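Presented sequentially are two complexes of chain A, the first with chain B as partner and the second with chain C.
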Partner chain A sequence: MSTVTDSPVADRSGLTPELQAARRRKVRRQRLAPVLYIGPAFLAIAVIIGYPVVNAIGTSFLDASLLRPGQDTFAGLGNYLALFGDPEFLTVLGRTLIWASSALVVQLGLGLLIANTLNKKLRARGAIRTTLIIPWIVPTVLVALIWRFMLDPVSGPINELLRSSGLLDNPPIWLADTRFVLPVLVLISAWKWTPFGAVILLAGMQQIPQEQHEAAMVDGANAWQRFRNVTVPAIRTSIALVTLTTISGAINNFNGIWMFTRGGPAGATEILTTLAYRTAFTQFDFGKASAISVVIFAMMMMIAVVYFYVVEGRKGGPR
Partner chain B sequence: MRKNRSHATVGAHAVAGVLLLGTVLPFAWMVLSSFKTPAELNGADKQLLPSGLYLGNYEAVADTNFFTYFLNSVIVAAGTTTIALLLAILAGYGFARFTFVGNRGMLLIVVAAQMFPAVMLAIPLFITVKTLGLLDSLVGLIVVYISFALPLCIWLMRNYFLAIPVETEEAAFIDGCSRLRALWKVVLPPALPGVMAASVFTIIQVWEEFLYANTFIDTDDKRTLSVGLNSLIGEFTTDWGRLLAAGVLVMIPVLAIFGYLQRYVTQIASGGVKG
Partner chain C sequence: MTRRDSRLTRRQLLTLGGGAAAAGFTLSACGTGPAGGSDPTGSGGESGGGGTLELWANTATAGDADSPLQQATQAWGEANGVTVNVQGISTQDLVPKLTTTSAGGEGPDVAIVDVSSVPQLAAAQVLADLGGRADAVSGDFGEELLAGSSYDGTLYGLPYTTNNVALYYNNTMLGDAGIEVPTTWDELREAAIELTGGEQYGYMMGAQGQGAFLFWPWLWQNGGSIMNEDLTAATFADDIGQEAFAFYSGLVLEDKVMPPEFIASNASWDEYVAPFVQGRCAMMAIGPWGTAPIVDGNPDLDWAVAALPTGTEAASVLGGTGIGIGYNSANPDLAWELISWLTAADQMSYIQDSGNIPGRADVIDSDWATEDPNRQVFIEQMEVARARPALPVWGDIEWGVMASMWDAVIQGQQAPADALTAAAEEATATLSS
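So, the complex of A and B:
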């Protein structure tokens, strides 16, 4: 666009050899430029992500234990066959799916409610939005601290409230009760993660032209009909994005569960990530643990493929 | 219709009120309870408000390694953010300005790099960090943390650079500026919100990180806040006073940073769709 050279015609015909050489150097430098800019970051990604991923996939085919260093043997599909033949693993796999789908239902439902509420003409809307997002920026360890305190059977206010209000004479010890612990963790993780989805959904809703709602109102649509027939179709992409991040976040969740229950009581909150971690760092069975993590990875990839097929395919390719 | 609309607004205010209460109440309860005496916390007669401004819980925090954990988290966050951003500014600029063979493929790798389960990377990274002799060191933790910080930073910086017109740096080239200098002097200043956003996101993630810190650090003195506070929860579950005081102290800087940079945080979250 902006050529500094005098005249392109003269360029092509009568350039001195020195100038031609200089131009060649410049062209070569321009070709090298992307390497110089992207190279360092890419090298870092290759070393601290690419290599570990390849290594993990490789290790999943080995009989590898930290207790016997240097004595890894090839196991073929042995680790995978052992896993899928193990009813306990299948239970954990099933629980992971239950955990992820209930997280999706709660977080998407609440997220839509929050976004739809904040999309109305509210007093102090900005301040409300800012406040609602606080649990999301607070570290999980603080969430664990707060909710373990809230649910504490002796000092915590929740059981105290249930008792004093007469709702429950003998409220359960929520985090130690195999019947309640998983639903309670679903709710607590929704408390932390819903705001993130709500912000994405809200951004989508704010791009809907006001006229569409007004037209629907003129047609006599009530609030629910407008939400279903105007809002939801218009923010399909946002909903798909929240679905993807919620499911993958739940499948990948480790911190929250480990801090609250470490997979207990009696394995009631064990999901694939905590099982992989336990297998690797308390049993030191790196081969089996890698196989579990490859299973997690395969689930993530399936979600990603579905997402790109549904969202990007409909839009006609990414950007 | 007018009546209908004001009806809806009342409903929305009511829903917002309930949501606000559910969000704020647990935090408020933590703050209030941190000023209660041990007797008030464990006693049978539960009071909403503490009887006085009891500071014993805060004094008790000083007996733990809490402030060391805090400092370690600050060091790791600063190191990770600096290195990841330097690399990401260069790479983000490269992706925004050059078309070259493998351009799209490499960008796809950057996006995919965010999807690998942390647990999957933990095992091989553990072996690598051990081989390098960086187990149980903050430097090792910074190296590992770049794995999750860098891809996101590259993506954010690329999007910010794309929004800046090429003409700004072309003018600098005519003035005899090298590309790197032009990036630093002309392109980066208007992209500063992007740098802020990427920093905030990296800091939040480092503050949050638990899996790697729990695996790669053995010594109590080198624990980060997440791991350190979590170990205190295990140790003092009955002594809620001291834990809650520590929780309030964790909360203060998070809220301060957030209050200052709040618009960047919401901007990124919503930027996900605009991409």
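So, the complex of A and C:
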């Protein structure tokens, strides 16, 4: 009995020492190969990303201004203390979180709705799907031009429609009204980015075997119950992926705000990235701007960690 | 020493780009190219042989291949066997790009920049001290204009173009209402109120930095000042300043004479001129750059330019461009030759063809000055136009502190007097930081 089970092992270990050594060399070579393949790319990434990251962190501890070239001094935690002691910065930090969570609610909600609709047998589904993806491929500069025109207080179609339909006699100046500007930018950014999430969610939904839906139908589940109890649990990974990319995309979204309002009016749309840009290129305070960048970086790292645990970890192995 | 400096600053540069890249936030909006200055056309640092000069200016000044500036540089280049590469960079990106490339030890040989950014570019070692080079020619330019190209009493450029802000008015609207062109604060206010009604508005104002920039003439006209003599404290919120600001903000808050969308006019002058061009707004204060959009957008509009209405004295705000040598230029002598040639009397037609007023003093008495009455207004106002304080942090004061203050006022978040006082304190704090 034991000899039978042991026999393959015995066969393997029955190799001559020379062959064993050769095998070990081969294994070593095989283990080394991926390192050699990945090495140059890894090195390039380390230089292009790693070096600047280290330097950004370094500069964030300096009193460094481009208006005083070559006169940097060590500031310790000075830049960070100044930031976190500044109510304005804390407001901007809070606004960044509101901006990111609003983006998530709108984009994930709409994304699920769109994906679920397109997952049914529709006529011209392909055409609809293609049309839907268009906003995603429109460059942000164009998005800004399109929406600035759409929302123009005098000649823009949206206010024109609101006036002519009698809904509002004096429609707001959307991009200059502190009450509306942030929600409006959330919606515009959703217009551009929702299709991306919808496509990922749709891909997830198409992996669900039709039988599961049919079984639920036989059990008497209505459309909402099927969506809630069959679709959503099956695409948890896709939802997590869209959640994390949406949050990180929103925190990093600079163009989507700068090209509309430059952080105004009266600071109503200032988020961390626009503040970092302003600090660096209006005030030329690179120490403080680096500290803000490091705060952003820390937030992104947290998201990345969550991503690896939730999305990659759940799959229990390499993709 | 210089070597060490440039290494340090290069590191800073990489640093910020890195922080940004690390955070994944693209700086695509802030520059047209890599900040490291890997420009293959050869910037100053590489030219060495004396055969190439790199000139940077904003897009409007650089223009396309047959713009007046490019014709001029080409003519000079052919005569001297030098290739001049003119690179246009959008106005908003020009200062950041110049500053970051220079921090990396690179940058153009010659730069044409807004006068208000000269002190900042001087301090940041983007522009080189002209030293004694300009001694022979500085007499050709007015004192206030030279002050606009100086920092700390040293000349960092020559005046290239000059401008100031005057009153544009719609002839038809004023004529129909039987209103004379206003010449005093009270007349301006009365005319603006009179001309406002229904879909029509009396006077245009700007938001953010535009609103801040356009306040200075009124401050000066009331006898006020932006900073004290030694540039250590903001003085614009003293009693005289408060009085001027009450008038200026009163046009918005009490008289409500401007098109409601003015609060969205925050960066582009196109937005600012639109109501006037559309014939919905009767008056606006703007520099000569307001003319082209009117001529292009509404050629039938009947309009003219008058001197700004005056307070206790006449004043306007001095704008325009200065032309200087890049700090890292390998060929400063050649760069200076180009600069002195471009700003010489014989080359004025190139600047005039671009629709700008040359910065030379002799332009005031020229036939060209009197040939167009609107142009003449701006040229006559040169006498009372004042430069803003020559401070490296000026950009942050005008387009940061003052812009936020003005937005808070027009958005109804802060009372004008409180806002102005707070802004003065913040500006003073900026000076000492």
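The rule is simple: the second predicted complex is superposed on the first by the 270 of 319 C-alpha atoms of A that agree within 3 Å, B and C clash if a C-alpha of one lies under 4 Å from a C-alpha of the other, contacts with A are read in each partner's own complex, and residues count from 1 in each chain.
Here is the rule we use: a contact is a pair of C-beta atoms (placed from the backbone, for glycine too) under 8 Å apart; a residue touches a chain by one contact, two chains touch by 3 or more.
As the structure is a computational prediction, the values presented were derived from the model and not from experiment.
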For this session: Sticking to the clash and touch definitions up top, decide whether chain B and chain C on chain A clash or fit.
Result: clash
For this session: Check whether A:175 is in contact with chain B, with chain C, with both or with neither, and answer first, second, both or neither.
Result: second
For this session: Mind working out whether A:153 is in touch with chain B, chain C, both or neither, as first, second, both or neither?
Result: second
Exercise. A:294 contacts which: chain B (first), chain C (second), both, neither?
Worked result: both
For this session: Have a look and say if chain B or chain C is in touch with more residues of chain A.
Result: B
For this session: For A:37, decide between first (touching chain B), second (touching chain C), both and neither.
Result: first
Exercise. Does the superposition put A:259 against chain B (first), chain C (second), both, or neither?
Worked result: both
For this session: Using the superposition on chain A described above, determine whether A:277 touches chain B (first), chain C (second), both, or neither.
Result: both
Problem set entry | First (chain B), second (chain C), both or neither touched by A:22 | neither
Exercise. Between chain B (first) and chain C (second), which, if any, makes contact with A:215: first, second, both or neither?
Worked result: neither
Exercise. Looking at the overlay, what does A:137 touch: chain B (first), chain C (second), both, or neither?
Worked result: first
Problem set entry | Segment of chain B that clashes with chain C, given the candidates 134-142, 170-178, 242-250 or 260-268 | 134-142
Exercise. Which chain A residues are contacted by chain C in one complex and by chain B in the other?
Worked result: 48-49, 51-53, 55-56, 59, 152, 154, 248, 252, 254-255, 258-259, 273, 276-277, 280-281, 286, 289-290, 293-294, 296-297, 300
For this session: Spell out the residues on chain A that touch chain B in their complex, using ranges where they run on.
Result: 1-2, 4, 31, 33-34, 36-38, 40-42, 44-45, 48-49, 51-53, 55-56, 59, 113-114, 117-118, 120-123, 128-135, 137-142, 144-150, 152, 154-155, 157, 160, 164, 191, 196, 199-200, 202-204, 217, 223, 237-238, 241, 245, 248, 251-252, 254-255, 258-259, 273, 276-277, 280-281, 286, 289-290, 293-294, 296-297, 300-301, 304, 319
Seminar exercise, completed: Per the touch rule, the chain A residues reaching chain C in their complex are 48-49, 51-60, 64, 66-70, 72, 152-154, 170, 173, 175-178, 248, 252, 254-255, 258-259, 261-262, 264-267, 273, 276-278, 280-284, 286, 289-290, 293-294, 296-297, 300
For this session: Can you check the complex and tell me which residues of chain B touch chain A?
Result: 1, 8-9, 12-13, 15-16, 19-20, 22-24, 26-27, 29-30, 33, 41-42, 46, 87-88, 90-91, 93-95, 98, 100, 103, 106, 109-110, 112-113, 115-128, 143-144, 146-147, 150-151, 154, 170, 173-174, 179, 204, 207-211, 214-215, 225-226, 229-230, 233, 237-238, 240, 243-244, 246-247, 250-251, 254-255, 258, 262, 265-266, 269-275
Problem set entry | List of chain C residues in touch with chain A within their complex | 4-6, 8-9, 11-12, 14-30, 95-96, 99-100, 103, 120, 123-125, 207-208, 259-261, 263-264, 266-267, 274-275, 278, 280, 392-393, 395-396, 399-400, 403-404, 407-408, 411, 413
